[in-house]
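The same chain A turns up in both complexes below, where it pairs with chain B and then with chain C.
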Partner chain A sequence: MPDQTAVSNKFLGIIPMDGRLELTALPGVRWLFKKRWFPMAAILFNMFMFMVILLSGVVGGFSSGNYIFGIMIVWILWWVMLMMVLVPVFSRTWCMVCPLPSFGEWLQRLRVFGVNNKLFGLNVKWPERLRNMWLCNFLFLATTFCSGFFTVKPLATFLLLGGIIAIGIVLSMIFEKRSFCLYVCPVSGFQGLYSNLAMTEIRRKNPAICEKHKNKTCETGNKNGYGCPWLCKPHSLNRNTYCGMCLECFKTCPFDNMAFNLRFPGTDILVNSKRGLDEAWKGFIMMGIAIMFYVAMMGPWGGLKDWVRASTLGGWLTFVSLHASMNLLVIPGVFLVFAWLSKLASGAKDVPLRQVYVNLSYSLVPMGLAAWIAFSFGFLLPNGSYIIHVLSDPFAWGWNLFGTANFPWTPVLTRLLVPLQFITLFGGFVFAADYGFKLALQTYGDRRTAVRGFMPLLAMLMLVTILFGRLYGG
Partner chain B sequence: MLKKLAITGIIVATAALFGCLAHHGWTHRYGPPAPHDQKARLTLSIPYRDTELVLDPAEVDADVWQAIEPLAVPLLQQVTQPPWPVGLTPSVNVQAFHNGREIYFKLAWEDDGSDVAMTVDKFVDACAIAFPSQPGIVPQSIMMGYSSPVYIWHWKADADAEFWNGDRPEQPDYADRRYPFEDEESAPIQRPKLQSAVMDMISARPGSLTIGPQQLAQGRGQWKDGRWAVVFKRTMVAGNDQCRVQPLTGARAAAFAIWNGGHGDRGARKSLSQWVILAPQRAPRPGGRATQSDGGGRQSSRRPERPIFRLFPSAEAADPSAPAAKEPKVINVTAQRFKYTPNVIKVHKGELITLRMESLDVTHGLYLDGYELQMKADPSSVGKITFVADKTGRFTFRCSETCGEFHPYMIGFLHVTPNSRFTMFAIAILLAGGAFAAAAVFTNRKQKGASTNA
Partner chain C sequence: MKLKWPRSARAAFTALLVIGSTLAPIVGILAYEKYRSRQFAADIVARAPEKGNYSPQSFTLPVGRKSVIRIRNIDTVVHGFAVPGLGVDAGQIKAGHVALVAVTPEKTGDFPFYCTVWCSEFHLNMRGVIHVVEE
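== the complex of A and B ==
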């Protein structure tokens, strides 16, 4: 059996990864986390913003998106913030303050403020077979089929976000707790996978306290808060993937045994728990979408843009076919080849190919996130100035709320765009390679075997990084 | 049971609310739906009258107009180009007649106040008539000829006041500031003396509006009791075939636009109509009766001289006195929603490059990342930038003028070889990969040696 203890606990063999800085030990932080109005205040603020976004979508119709609040705030500000800051640094903190499932949750709880652990709704358990990322994968992929509409037409953005809210309400009435967030929300999947790389986590402090605590109120709830809405076991949580950081466990734990920690990025990638093909495919899909989005939207090929925006039905169907094939077949297939080469090179006959395939796929997490961060630079620097305009004239009605309605389109630091992208990709490669080696050690156990098995993976990571570099600036 | 009913009710209410909002958004995706569904195209009769108007103020309500039934033409908001609509002038009454030598149109519409002077944040009332300049009009006029070239007669209240009453604005000249971040960059431009209260213009597509080579249309407006009335007059026997009423070639149509300055209407923000078919009455033969035409006709035996003008300026003549300079490499780029052709340009480091851009549809811009250069072009004018390609790498050029919903993705690449940035990046990756491989092998041997010794 592979020796799990063979994995080094130092990044690049130099930087210790085991350290944790408990932020809730700081004065005021734990106090804040235990207050019921936090994060409710942030949720309500975001709720207001999303209402403006939805309204701008309804009234914006098919007008040009770069003058509409909804398009600019969602696809430039929110998406870029998610990729560049929220997920890599704060894990699933967006889920903490996300307003999209809030209506459904308030209907479940029959209240906005306060605690009511007798939840309204049918509280049906989510089907066992779907308790994974597969549905999120397909739904997210499906939304990207329509990216030529969602990211440019205000009404389409309304249909997407309004549809998510409506589905969230419906599912909240049928299934228990945050089943929608866990297994359906298109945004949830990649947040879950990429939060393994995040620099923050919520974990128990002292395992002995949890072992002695029979009631496990972090799961069941009490008068101070709800049992984990994300159906996690906070007392034994070891990965960020399905933790929505709602902070209910801080409120319900009578021993203050939960901690919000700052940590070295990516430590969850090495946690060998609940790994599966669903998460592997999520990694492939995120890489594939980054490639296709860049080629179609940020590339110079007008014919592809005509396909993406469905100038003709045939063109759009061609795009959908290519996009789906690439994400579901080509990229996983190419990775399978390298996984097979890894197993072949390692000489390890007792390690199943499936295990090699799944384990090593997590090395694509830092690579994929780096690709998305680099992609986001390409959006933010040239087009970020539109946000200043839409703040003053959110509905393109000729308002000038803050005096910035006439702020012209102003690209910023575009001469640094490609260098920034290259640096980001390089950083992603370094993380991917280091974690890839550690994953190889975990998979093969024996160091010598792992070194041999790591080489094809390293070659693949180098090729992928150079490919992205060629795409973004070559 | 009650619980299930309540849950069902919540689900149904959610779906219904979402459906209603989506329906509202869909039906209003181009602005408020038209008040009525115009299945049959309107037809404007243009009778023959043996009358000539000299555009005296009293002639706005001359007897000749009393005898002609006005056609109420419904108007829509323009929702294709910003600034987006605020108010709507719901309709305009149109009358027309001709006397065989001139054609007259009268437009009348409701307007609470006459906005005649343009200042900061104040705009003037105006109206316009557009005629297709080619046969086979596209059914929707949308942007008054969105998809087809047109001739336009554009009347403005301030031009009317200046031309007929001599009310010139205080500042005859104005400065043209093109770059908001370059405070010293401005060029004073003198305002031309008006030849008429109406400007003859031509347009291939939105953003291509150009002053016509001949100014033949005239007009006079009068605001009274909350209503504007504007009379247009134009000769039918001189110049190009802008409005050849008799005989006709192909379908003749017109569309109308109203700007209410009090609503902030200007530029693309206006109320406009769909195409209205023109049905002129032929002038009577000597001793004969006038006959109606349905919009078709024979070619005239007279062939008026077609004005000659070029859509793009001819190449500038070289100044013979200038010293011989290194000629830039000219690269012609065409811009069309939403692509450039060529979409990928390759040059060498140090080359002197002129990018010359022509637009095939609407106004487009070109902003070059890295070099931070910018230009724009529309179908009637060419944009040019000249620079030395002293930075190597791949640079994105992108559209800088909102040209439609996919505008942020209208992109091209400029490669300035050698692309040393990418080369360095690839080498860095290869070196880092090599370092990882070496470190893995080295530490493995070290551990193996340690275990052997142990």
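== the complex of A and C ==
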């Protein structure tokens, strides 16, 4: 088998990637992280906001998505924040403050702030075969089948969020801890995959301390906090993917051995642990959805818009079939061709195609996130000003809470939109190419073989960048 | 010295926070709107005729007293609201926007109102009537 350790630890061969800056060493940060009220205060604030969002789904304006509080806050503000800031910078911080699973979690714990490690409910273990991203993949894809409604019909957003809360409560009464968040929540999967690119991480500080600590209170919990709700082993965490950043391990570690680090973006992409087809498909699906969203929402094809908005049942079913086929078959199939070409070009007969396929698919993480950030510019800059209006008049009842109800629609910096999108895509390409080469090196072992095997991947990444550039640039 | 709250006080505070972030916003918002909307003599939703037209299409105002009419455009297109007989013109009401107009009718009778913006092919049907009566 190839040597998996011969990977350069410098980005583009210049910038060191190993450095860590422990943010919890700053005064006040660790103190804050150890307080039980800290994430809960943010959760309660978000709970308040989501109640207003849910209410706006059933009362207030009905027809015009731009003036609906729920639609603007969820699909413009929250989504943009998630894609542009929260995931790329702070990993899964949204999961830390997400209010959607809180009702279920409070029921499990029979506490809001306090600690009770004897959890209420059946606490059944999640089925072994489903301990992956497949369910998240299918549910997220299924959610996008209704994308034509979510951004224009407030009731659709209400049903989606209300449904997530309801399913979260039911599953938390059946399955242990945050099984719902880990394996079901549609938003969870892509956050998990893309958080590999994040600039922050939660990790142990000194491995020796964890090794000597027999009780592993970060897993089992103690009087100060819960055993990891995300079913991770914080003492040996090496990837962000399944860490919900709930900060319980900061509270339960008696040695203050957990750290919140600033790091070079994307180092988890190179961690060869728990890689699989489920995560590869998540990468493909995210690329496919970015293409579809752009084509349907911002493209000039009116017929396709009618399909997506379900003007006719036949049209909508055609859209669902095409969208599902593209995401589940066509994009993975195209990638398979390039993975096969990579293996062929490398000449490494002893490396299984599946390994090439899975490993190289992680190069799509920076590319996909860049495509989503670029896409987000496309609706943030022209439409972001609507948020100023809806904050003052969230239900289209004529309120003027902050004096901004008459703030006119004001596109911002739209002349810079395409350049910003191009720069973002190019940045994504650079990261994807660099990590792609490192992944090729991990896969094939020696440098010469990896260079040959990398060429088809590089060609594919260039084609993907050109495709998105062509789409966004018109 | 670290102060420790009594258990009952902590429970009450927690309950207050949870209710304050869940039920309270819903109840508070609906109650405030109920209180606020009492000032409106008429509350009209504006949509293109094929989507529901003005709703309601007729209502009553008292003669000689100032009344406030709220017109909510919940449509995806611009609408208007004018009552020539009462000298009222709300101007353009953009999609998602709300107009408040004050009127003091000086005589009784029926006064037609209609949309002043070409909003759909059925635009000319977007109309209604105000009945001004003695109190």
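The rule we apply is simple: the second predicted complex is superposed on the first by the 470 of 474 C-alpha atoms of A that agree within 3 Å, B and C clash if a C-alpha of one lies under 4 Å from a C-alpha of the other, contacts with A are read in each partner's own complex, and residues count from 1 in each chain.
In this text, a contact is a pair of C-beta atoms (placed from the backbone, for glycine too) under 8 Å apart; a residue touches a chain by one contact, two chains touch by 3 or more.
Since the model is a prediction, treat every value here as computed from it, not as a measurement.
On the superposed chain A, the two partners chain B and chain C do not both fit; they clash.
Of the two partner chains placed by superposition, chain B and chain C are both touched by A:N66. In the superposition on chain A, A:V58 contacts chain B only, with no contact to chain C. Once the two complexes are overlaid on the shared chain, A:L344 sits clear of chain B and of chain C alike.
Using the contact criterion defined above for the overlaid structures, shared-chain residue A:G398 touches chain B and also reaches chain C. By the touch criterion defined above, A:M455 lies against chain B but remains apart from chain C after alignment on the C-alpha atoms of chain A. Touched residues of chain A, counted separately for chain B and chain C, are more numerous for B.
In the superposition on chain A, A:G163 contacts chain B only, with no contact to chain C.
In the superposition on chain A, A:L353 makes contact with neither chain B nor chain C. Contact with chain C, but none with chain B, is seen for A:F113 once the two complexes are overlaid on the shared chain.
In the superposed model, A:M298 lies in contact with chain B only, and not with chain C. Comparing the two interfaces of chain A, the one with chain B and the one with chain C have residues 59, 61-64, 66-67, 396-398 in common. By the touch criterion stated above, chain C contacts chain A in their complex at residues 10, 14, 17-18, 20-22, 25-26, 29-30, 33, 36-37, 47, 51, 70, 72-76, 95-100.
Residues of chain A touching chain C in their complex: 44-45, 47-48, 51-52, 55, 59, 61-64, 66-68, 106, 112-113, 389, 393, 395-399, 405. Per the touch definition, chain A reaches chain B in the complex via residues 13, 54, 57-59, 61-67, 107, 120-122, 148, 152-153, 155, 158-159, 162-163, 165-166, 169-170, 173-174, 297-303, 305, 309, 378, 382-383, 396-398, 408-411, 414-415, 417-419, 422, 425-426, 429-430, 433-434, 437, 447-448, 451, 454-455, 458-459, 461-462, 465-466, 469-470, 473-474.
The residues of chain B lying in touch with chain A in their complex are 3-4, 6-7, 10-11, 14-15, 17-18, 21-22, 24-26, 28-31, 79, 82-84, 86, 180-181, 264, 336, 338-341, 343-344, 367, 369-372, 391, 393-396, 398, 400, 402, 404-413, 419, 421-422, 425-426, 428-430, 432-433, 436-437, 439-441, 443-444, 447-448.
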